[in-house]
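Both complexes shown next keep chain A, but they swap its partner, so chain B is in the first and chain C is in the second.
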Partner chain A sequence: MAPHVTTRASVPAVPETGAGARRPRSARSGGHWTAWAFLAPVVVYLVAFYAYPLYRNLDLSLHRYTVRSFVQGGAPFSGLDNYRTVFDAPTFWPALTHTAVFTGASLVFQFSIGMALAIFFHQHFRLSATLRALFLVPWLLPLIVSASTWSWMLNSDSGIVNSALGVFGIGPVNWLTSPDWSLVSVTIANIWIGIPFNLVVLYSGLQAIPSDIYEAAALDGATPWSTFWRVTFPLLRPVSAITLLLGLIYTLKVFDIIWIMTKGGPADGSTTLATWSYRLGFGNLLPSFGPGAAVGNLLIVLAMVFGLLYIRMQRRAPR
Partner chain B sequence: MISSNVTRRRVRTVAAVTLTACLAAACSSTTGSSTSSGAGSSGSNGTYTIWDPYPQFDDSADWVKLLQKCGTDTGVAIKRTGYDTTDLTNKALLAAQQGNSPDVLIVDNPVVSTLADAGVLTTTEEMKVDTSAVEPNLLAAGQIDGKTYGIPIGANTLALYYNKEVLTAAGVDAAQIKDWASLTAALEKVKAAGKKGITFSAIGTEEGSFQFLPWFWGAGANLTQLDSAQGISALQLWSDWLKNGYAPNSVINNTQTTSWQEFATGQFAFAENGTWQLANAEKAGFEYGIIPIPSSSGGTAPAPTGGEFVTAPVQTDTGRYATSQKLISCLTNADNAYTTDTTLSYIAATDAVQAKQVAGNPDLKVWVEAVKAAKGRTSDNLGTKYPKISEPMWTGFQAALSGAKSPQDAFTAAQATAAAATK
Partner chain C sequence: MNRSMKTAIGIMLTAIMLFPIYWMINVSFTKDTDMRADPPHLFPLHGTLEGYRAVLDQQLPYLGTSLLIALGTVALTVIVSAPAGYSLAKLRPRGAGALSFVLLVAQMIPGVIMAMGFYSIYLKLGVLNSAAGLVLADSTIAVPFGVLIFTAFMSGVPAELSAAAKIDGAGAFRTFWSVILPVSRNAVVTVSLFAFLWAWSDFVFATTLDGGGAQQPITLGIYRYIGNNNQEWNAIMATAVVASIPATLLLIVAQRYVAAGVTAGAVKD
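So, the complex of A and B:
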């Protein structure tokens, strides 16, 4: 793989010097070389770690790979067959709906709770810094730890959540083992993990708002409620937009929490596109690389669509 | 001024070029190391690579010492890597794609047919490995179309552990449990006595299928027809246990480890689990016993075989096979198999070593019998069709146990998926 990379990286440099040769040889062309030499590390990096894997994923999704042709080569080109297989699979629509619900609910709750906490901590009361640091814990924990803890807490028979509910006479809920609840459970866990990120980014956004605007609002007799909606919220718009976009991309590809807690089950109850893609590629003794890569590409397209939307919104926004 | 500008530019150029050169060097040094690790299998003749799925063993473990000893006896150096078992299939496939397979690969038995299908493995005939002493039911997991692609290092399988205290309190005699009816009756008594019945793993992965198969086969069902009356009766048994509270709802998400942890609380009468838990059973702090899993109408149900095969991946340099063959026979000869299987808490694959194990530890007798009755998942020439049946099967029993579908509907749907996939 590495020889590929170096040849690829050197390709753009060659035509460029050719073009430079039209001009009289001077210090300029030397400058070109310098520029390309400076550019080379990042080009090599981008090609090796972004372009090649993307190309390879596309290639996998367009061929009919079996384990045999994966090893020995010569997988026949199959056009969009893998995509058709994926679209026709009974798992497709549930997985897509679950992805939408999981992502949507996570974003709404992470953002609104994160915002509420950011404003709360912006009051600078005593111990607020300590408390804020404590709120970061979910973010710092390795996912395997937090996901395992959640699945232990939500266990149907011996979980602490069901024991607590039992005290109030609420019957045991099969959080992870009922198709109706498993998606809710993994979403709750994901919200908990995502709040600190929203808190930190929004909090730093709040600090950037000059305090004299608040003073002016207070002088005009604005209530806290209207101060929030008319001052804080509009001024936080750029920060909110990027927080939501990053949150969306993170959440679309969330796989580990769901895989550790439910394996996407029971009966596809919490399967999202990300877990489905993994299951196709690695969750079975016999990997189906093609359809797995196809689902992965769909996810990339989804994330890209929202990224482009964001860029458009940025352009339209008044400067 | 001009000259200083030029010098500055020159310095910049040199810095950038050096940086690029470093990067290129880094790239080429990666290439170098990847070929040199490949050279373990094709270049330097003295070093032979072995991959195994036992990352829990480090260099001080008996298993690794045995590998080194086999290397010394054969006159070669051994480079051993332990991988996580779920990781090993993809690692082996990738290595084969890159042309740097290990010389000896120890791999979980249902994976053998996948790797053989990919053309990664040599046959025992090519390698001149003697498999005549191995029990045929164990060897079958590594056989496709009359060819054998490895030799089992040992085997494990499933049986029912029971908690003596709980059974005595409930007035149940474990020796009287011979079929499903008597087992269910025992569970009912245990529940009436205020304890929990049975725990197993019905998770939506291969692990769940592994645990379901003794009941599925014990009903007389065949993997080629999931929705047969027998197949559905096995699923009915499991879902009735859940419905009646004989088994906890958490089994749907249990791995074999978490299921064992439930049993270890001392609240459960029975646990379906494997040979590998024997050491933990000793530490559980209560008296335990083991009975074979009963089949529907009586007798021992065939449980699936677990355990690994020693295989020899295809090499470009076929001259290496002779040494690999010596390494394989060293690992699987009677004396070493005894040590290895004791280390791994496995049952040996040959009659002679099994007898030696029972002589050393009479408790193993029930396991030896279970292994004799066991059946490979990829046997019956199912080969790579098995994974395509196993996945719909686990999806099916998860749907039934979680109440999303009736057992009949769940397995009708599963059979439709499996039939389409294996067509």
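So, the complex of A and C:
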């Protein structure tokens, strides 16, 4: 696939080389140490702002914290108790199932719609570049903007969606206030947000397929349908796999949209692991940090499994 | 299918995709009394600017805070990730591979979970509800991405450039500052753009770490609005429209950087 990031590097204007040489340094072979000096900020940063919060999180999940000990310290070690609490909670299975359904449905639709659009826009008609750029807007909007817009569109009484369905005689659906529909609603909103990402990545994958392959297929009398299944799709496999895996990792993390639209409710109807973790830690007057952190760590493990798969796949992908 | 037919279909698909955005704008101009009209008014023909007046009256401090936090995040992200990208791309010390791996993994950690860790640390340090604390937390979304982009971009800078600088007697820092960084302008723009957008849009960290602060970003402004007066949807949507301006502006001004940033994650480096 076209490495956008690197190809642009061949363009830069060459500055006068003398400009950077005002103060010659005597020791310029520091090598290893110099290199790590440049990396020092990011290493310090990762330790302080990634490793430490994650360590705190692990610590939270292994102790019996109360609000008091959360502030003052001294919470007793409780081993895996918090994890046991979480596994036994009535919310556990619904949250896990919802996470799977939300992620699965989002991916299937985002990917197939994104793929169809990428192929459509790849045909280079007038305005295709402009329209493709406009498709990016939903992805760039703050999630609170998208989520609140969808909330109002899906409002039971005054939403445009129910009003449009009403024209076809379909009764008002309680999109956000019925436990049967809330998961569907947040999934729809999430699909809408994710389509642009799939479109852009798959489009750049299409661009990397040499056009003479298509010419050969056309000469052989292949129909557009068989060209897609026999030529485009197999050649896009590496890009597709990476797109799907990245999408999976992103979708597992989704919290904002669900929380803003439904708060995971009603009656846990749209609770996922991410919103559950947040609700345990911050959603109640009396927070249960331990179980909240435990759910969070489970989510990390889940994301990490797919993350490592992604890294493996990316390493093996042909250039 | 001829070409103008395709253009027509393309416009139609784009219109469907962007309908929610149109609806947000439409509702932002709708009068309170028409808000629950059945069927809803499709065009703001007898519109009102009440919503936008409410934004001016109530939301400006939130917007200011968001701008401050976003700019702070951009600065921090570039300062931390540009030198790292240079080192990983050009100096390649032993252990660079492991560090790149850690950065990739870091991108996969859900924000909600980071938020919980940050909360317990900030509580102890007493920096909850501060703009600086939010800048730090928000930058965690952008730094791994930033290093990735800088590394990929700087790998493409011809080796002759740094070799020439070396012959002229420039040390590693000079080479980075006066040679590599200036030609990596595009990477700086891409990273800044995404850092800005992510910080501007952040809700997770804002709601956990700045829930009771005096300085709150616009995402919390909107969230408050939804909770407090969910009758005034024109004001809520007007705020949403204003909050969308940076994203739209950046897309218009810097579209190719946006596309580059979106694909970067999926690009083999």
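Definition applied: the second predicted complex is superposed on the first by the 272 of 319 C-alpha atoms of A that agree within 3 Å, B and C clash if a C-alpha of one lies under 4 Å from a C-alpha of the other, contacts with A are read in each partner's own complex, and residues count from 1 in each chain.
Following the convention adopted for this analysis, a contact is a pair of C-beta atoms (placed from the backbone, for glycine too) under 8 Å apart; a residue touches a chain by one contact, two chains touch by 3 or more.
The shown structure was predicted, so the numbers you read here are calculated from the model rather than taken from an experiment.
Asker: Looking at A:D157, would you say it contacts chain B, chain C, both, or neither? Reply first, second, both or neither.
Answerer: Both partners, chain B and chain C.
Asker: Under the stated touch criterion, which partner chain does A:F102 make contact with: chain B (first), chain C (second), both, or neither?
Answerer: Neither partner.
Asker: Regarding the shared-chain residue A:R68, is it in contact with chain B (first), chain C (second), both, or neither?
Answerer: Only chain B is touched by A:R68; chain C is not.
Asker: If we overlay the two complexes on their shared chain A, which of chain B and chain C does A:F282 touch? Say first, second, both or neither.
Answerer: Touch status of A:F282: both partners.
Asker: Figure out whether A:L176 sits in contact with chain B (first) or chain C (second), or with both, or with neither.
Answerer: Touch status of A:L176: first partner only.
Asker: Kindly classify A:Y83 by the partners it touches after superposition: chain B alone (first), chain C alone (second), both, or neither?
Answerer: Neither partner.
Asker: After the superposition on A, what does A:F111 contact: first (chain B), second (chain C), both or neither?
Answerer: Once the two structures are laid over each other on A, A:F111 reaches no partner at all.
Asker: Chain A residues in contact: does chain B have more, or chain C?
Answerer: C
Asker: Touching A:K263 in the superposition: chain B (first), chain C (second), both, neither?
Answerer: first
Asker: One more residue to check, A:T34. First (chain B), second (chain C), both or neither?
Answerer: both
Asker: Can you give me the overlap between the chain B contact set and the chain C contact set on chain A?
Answerer: The answer is residues 2-3, 5-6, 27, 30-31, 34, 37-38, 41, 70-71, 151, 157-158, 282 of chain A.
Asker: In their complex, what parts of chain B are in touch with chain A?
Answerer: It is residues 6, 9, 12-13, 16-17, 19-20, 23-24, 27-28, 30-31, 34, 86, 89-90, 93, 96-97, 110-111, 114-115, 117-120, 203-206, 248-250, 252-253, 262, 384, 386-388, 390-391, 395, 398-399, 401-405, 417 of chain B that touch chain A.
Asker: Residues of chain A touching chain B in their complex?
Answerer: Within the complex, chain A contacts chain B at residues 2-3, 5-6, 27, 30-31, 33-34, 37-38, 40-41, 44, 66-68, 70-72, 90, 151, 155-158, 172, 174, 176-179, 262-269, 282-287.
Asker: What part of chain A is in contact with chain C in the complex they form?
Answerer: My answer: residues 1-10, 12-15, 17-25, 27-28, 30-32, 34-39, 41-43, 45-46, 49-50, 52-57, 60, 70-71, 117, 120-121, 123, 125-128, 131, 133-146, 148-153, 157-160, 163, 166, 192, 195-197, 200-201, 204, 239, 242-243, 246, 249, 252-253, 255-256, 260, 274, 277-278, 281-282, 289, 292-293, 296-297, 299-300, 303-304, 306-308, 311, 314, 317, 319.
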